[in-house]
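Scroll down for the structure; my scribbles are underneath it.
Naming follows writing order (A, B and C), and every chain is counted from residue 1.
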Amino acid sequence: MREAGWLGKLFRTDAAKGLTLVSPPMLYALVMLAAPLFTIFLFSFWTQDFLTIDRTFTLNNYREALTDPLYGELMTRSLRISLAVTVLTVVTAFPIAYFVSFHVDPSRKSLWLFLITIPFWTSYLIRVFLWRVILAYDGPVNGSLIALGVIDEPLSWILYNANAVVITLAHAYAPFAILPIFVSLEKIDRSLLEAARDLGENKIMTFLRITLPLAIPGVLAAILIVFIPTIGDYVTPRLVGGSGGTMIANMIQTQFMRLNNAPMGATLAVLAMVMVASVSFVLILVTRRWTRGPK
Amino acid sequence: MNAQTKAGQAPIIRLQDVHKYYGDYHALRGISAEIGQGEFFSLLGPSGCGKTTLLRAIAGFEDISSGAILLSGQNMEGVPPNKRPTNMVFQSYAIFPHLSVAENVGFGLRKSGLDRAAKARAVGEALEMVGLSGFRSRAAHALSGGQRQRVALARALILKPKVLLLDEPLSALDKKMREIMQVELIKLQREVGITFILVTHDQEEALVMSDRIAVMFEGEIAQLDEPERLYRRPNSKRVAEFIGVMNFLEASAQQTGEKITLEVAGLGKAEITPEQCPAGAVSGACSVGLRPETLSILFEGEQSKARLAEGVVDEVVYYGDMTYYDIRLDGASAPVRISMRNVISRPVLEVGARAQVTWDPRAMVLFN
Amino acid sequence: MKLSGLRIYAIVYLVFLYAPIILLPLFAFNDGTIIAFPLQGFTTRWFTDLAATEALIEATGNSLFIAVTVAILATCLGLFAARAGARYTFPAKSGILGFIMLPLVLPEIIVAVSLLVVMLQAGLSTGLWSIIAGHVLICTPFAVAILQGSFANMDRSLEEAAIDLGETPISTFRLVTLPLVTPGIIASLLICFTISLDEFIIAFFLSGNEPTLPVYLWGQLRFPARLPIVMALGTILVALSVILLILAEYVRKRGLKRAGLKDTGGFV
């Protein structure tokens, strides 16, 4: 074997070519994501005095975050809201995913999916603001309920609190939940269902014994896809949450922008990430039984 | 190991002890062969035997770990596929979906320096050669499987390669289409006169089309021979079973000089020559191979001067033009399959009936 | 079309999904300064007011510049990653690709905050390019996902056939790969453009003195008098997004038809 050929061969290998090709996005992610995340991590161990950063290592931020009831309350509220949103969104998403998968002509499926996802592609900010309009004291919801005679006075508990946050987020993240469930349902071999019927099962039991278990991977994906971003949402709690509906992201922003306490903000960010990661981990473990098998 | 190349000319492809490793997996284990100019050569074997790997190595899409591949005497080490005098017809045909038939066929002419008129002429000739003259402006995705294959052939042949490589070209077609294309490929090869190397797992296909076949198992060439010799004198049980159907009977052999005497279960004594032992000299316990068509059933009223054996009908399978009988011979453990042409006057035996079987020692092949 | 319970549910659900958006044109053309029912007549004055607001025009310009740049950069990075993923095996492949896709599952505030911190530490000033950097980070995973689909749909042996017929790897890319991947590229450009245009949080943290459209919008929300103009602006933005999306879907469908492939249901 010629020596120059050996090196040339190395550079011509599949692996070398692949790595070269993937290096631009990989390096970009390393610089723009890994480095900043690492910096945030570092920041959580420092302190800030007005505009100067004191780099002495300290665990004070964590101590404060974990002991001060203010932060604990905020974390648990964020968790509660996020879980409520997840449950509401996924439960309401399943029937429509099922509808499009099983009850819609294959030639029209992409049309339905398209219709479902269009709202998602419009400005999130505007959509949240519109919910504030809808749920307002003098807004259309109250207006129509009064006009229909269901209530006499406008409802005050539908805006500027956690309920409003849940409703708004459920609306915003609906497509995120529908799509993975849909994909999962599409993958189910229809002849499995026919086999179950052939063996004597009725429609409901077939659904419970065959369809639902096989759709679990999609449901799990939907749960994660809704849960993870909603915990860190900023805009919705800020616009419709009032004082009782703020979430962790609002506090992080406050620390950074108003209180000039970047380290504390960083600490909260790290803790939020840890919380998200551990809940996701638990969720995945719990549903492992149903997600094993062909993907 | 190697039969002589066709016509005694210098071989166009020489494979010298070719090895290929995928990590730890030894895909090609010392392949050596010579393929002649103008030969229709097949690589035949089950899935995973390395035949496609070898084909792709000849084309240049796979590097080899050691050994050499020589095309027209030149070592192809380091020569990329686009610079080799070979062209390939891919298993999926790889017709460019965004181009028309004419654009597909003329694709490789881009760098040829021909002007537009010359290119158009060449494309026209290539299309005519494969029988697709009216299809110039047809869109690629509007073609049937058989039409796609012809476009792939035209596209490769228009570049006048020295060797045409075909990767299981007929496996995607239905049975009728396959039979038609088999004949067409033979005609095409004769017309064009270049070397064809075909990879297939279908032994019928290989037998029909090839001048010579290399049977491969697990990265090695088990036997390289003309189809007729491969069928009549397989050099191992495995090759014998892979090509067609072979009956095996237990026997014991004794060799004295040029004579080999056998005692065959179910048939009796027989004398064979060394030519009937392609696996080499054998003595003691061994297996005798007999193809179904070399045994015959003697029906009532018929007479024969051949050796006779007796047995019971185990199974009858009717096949249209043939009937296959499984006969359990007296004294043999496993039944033998016999194929009989369905002649009008011939009766069909029933399961359980006794039958007389004629056999000829000259049809025997001896294995270990 | 039978009206099963499921179908009724589906229709109600769609109404729920579209309800807020329907309000936009309703109040954008409403001749009243309060965003509440009952409606008070038709007018287009809010739209004309829009055109006259300079800060708005500037913010729009910023947003467009950012969105176009982001679309191009993210699609390029996505092309590299998608092709590497579809055609090659290399060590730590799933780890690397997973990391590139990570921004999809990170809450945006984390991304925004980390970028801000790094900017401050590095002494860089926030502004248009820092927003571009942040948007490229979150758009690249979308580009990768769309383009991976494009590459997967393409028969691998097409490229080998081109090489076998005499082309170089580069000319193969130009003559065979690119034409077949172009629908995916266009879809990626359109989608990354749309995401960047609408993105708020990262822009909010990193815009400094050069606000984007959503950031400008945010600033207007606290002024009740400005709300009708906000509605008008919102209507335009939504209409634009919808048109871009329909375009992207049309391109995708045409691309499939040209390649003779079946429709598997969109960007899912």
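To be clear about the criterion, a contact is a pair of C-beta atoms (placed from the backbone, for glycine too) under 8 Å apart; a residue touches a chain by one contact, two chains touch by 3 or more.
Just so you know, these numbers come straight off a predicted model, no measurement behind them.
S.K.: If you average the CA coordinates per chain, which chain's centre is most distant from that of chain A?
M.R.: B
S.K.: Looking at A-C and B-C, which pair shares more C-beta contacts?
M.R.: More C-beta contacts join the chains of A-C.
S.K.: Would you kindly tell me how far, in whole Å, the mean C-alpha position of chain B lies from that of chain A?
M.R.: Their C-alpha centroids are separated by 58 Å.
S.K.: Measuring centre to centre with CA averages, how many angstrom lie between chain A and chain C?
M.R.: Computed from C-alpha means, the inter-chain centre distance equals 18 Å.
S.K.: Starting from the mean Cα coordinates of chain B and chain C, work out the distance between those two points in Å.
M.R.: The separation of the two C-alpha centroids amounts to 56 Å.
S.K.: Could you pull out which chain C residues touch chain B in their complex?
M.R.: 155, 157-158, 160-168, 175-176, 179-180, 258-260
S.K.: Given the complex with chain C, which residues does chain B contribute to the contact?
M.R.: For this pair, the touching residues of chain B are 59, 61, 80-82, 86-88, 90-92, 94, 96-98, 107-108, 110-111, 140-142, 155-156, 159.
S.K.: Please output the residues of chain A touching chain C within their complex, sorted ascending.
M.R.: 14-19, 21-26, 28-30, 32-37, 39-40, 43, 92, 95-96, 98-100, 103, 109-110, 113-119, 121-127, 129-131, 133-134, 136, 138-140, 143, 171, 174, 179, 182-183, 186, 224-225, 228-229, 231-235, 239, 249, 252-253, 256, 262, 265-266, 269, 272-273, 276
S.K.: Where on chain C does chain A make contact in their complex?
M.R.: 4, 6-7, 9-10, 13-14, 16-21, 23-24, 27, 34-37, 76-78, 80-81, 83-85, 87-91, 93, 96-97, 99-100, 102-103, 105-111, 113-118, 120-121, 133-134, 136-137, 140, 144, 191, 194, 197-198, 200-201, 205, 214, 217-218, 221, 230, 234, 237-238, 241-242, 244-245, 249, 263, 265-268
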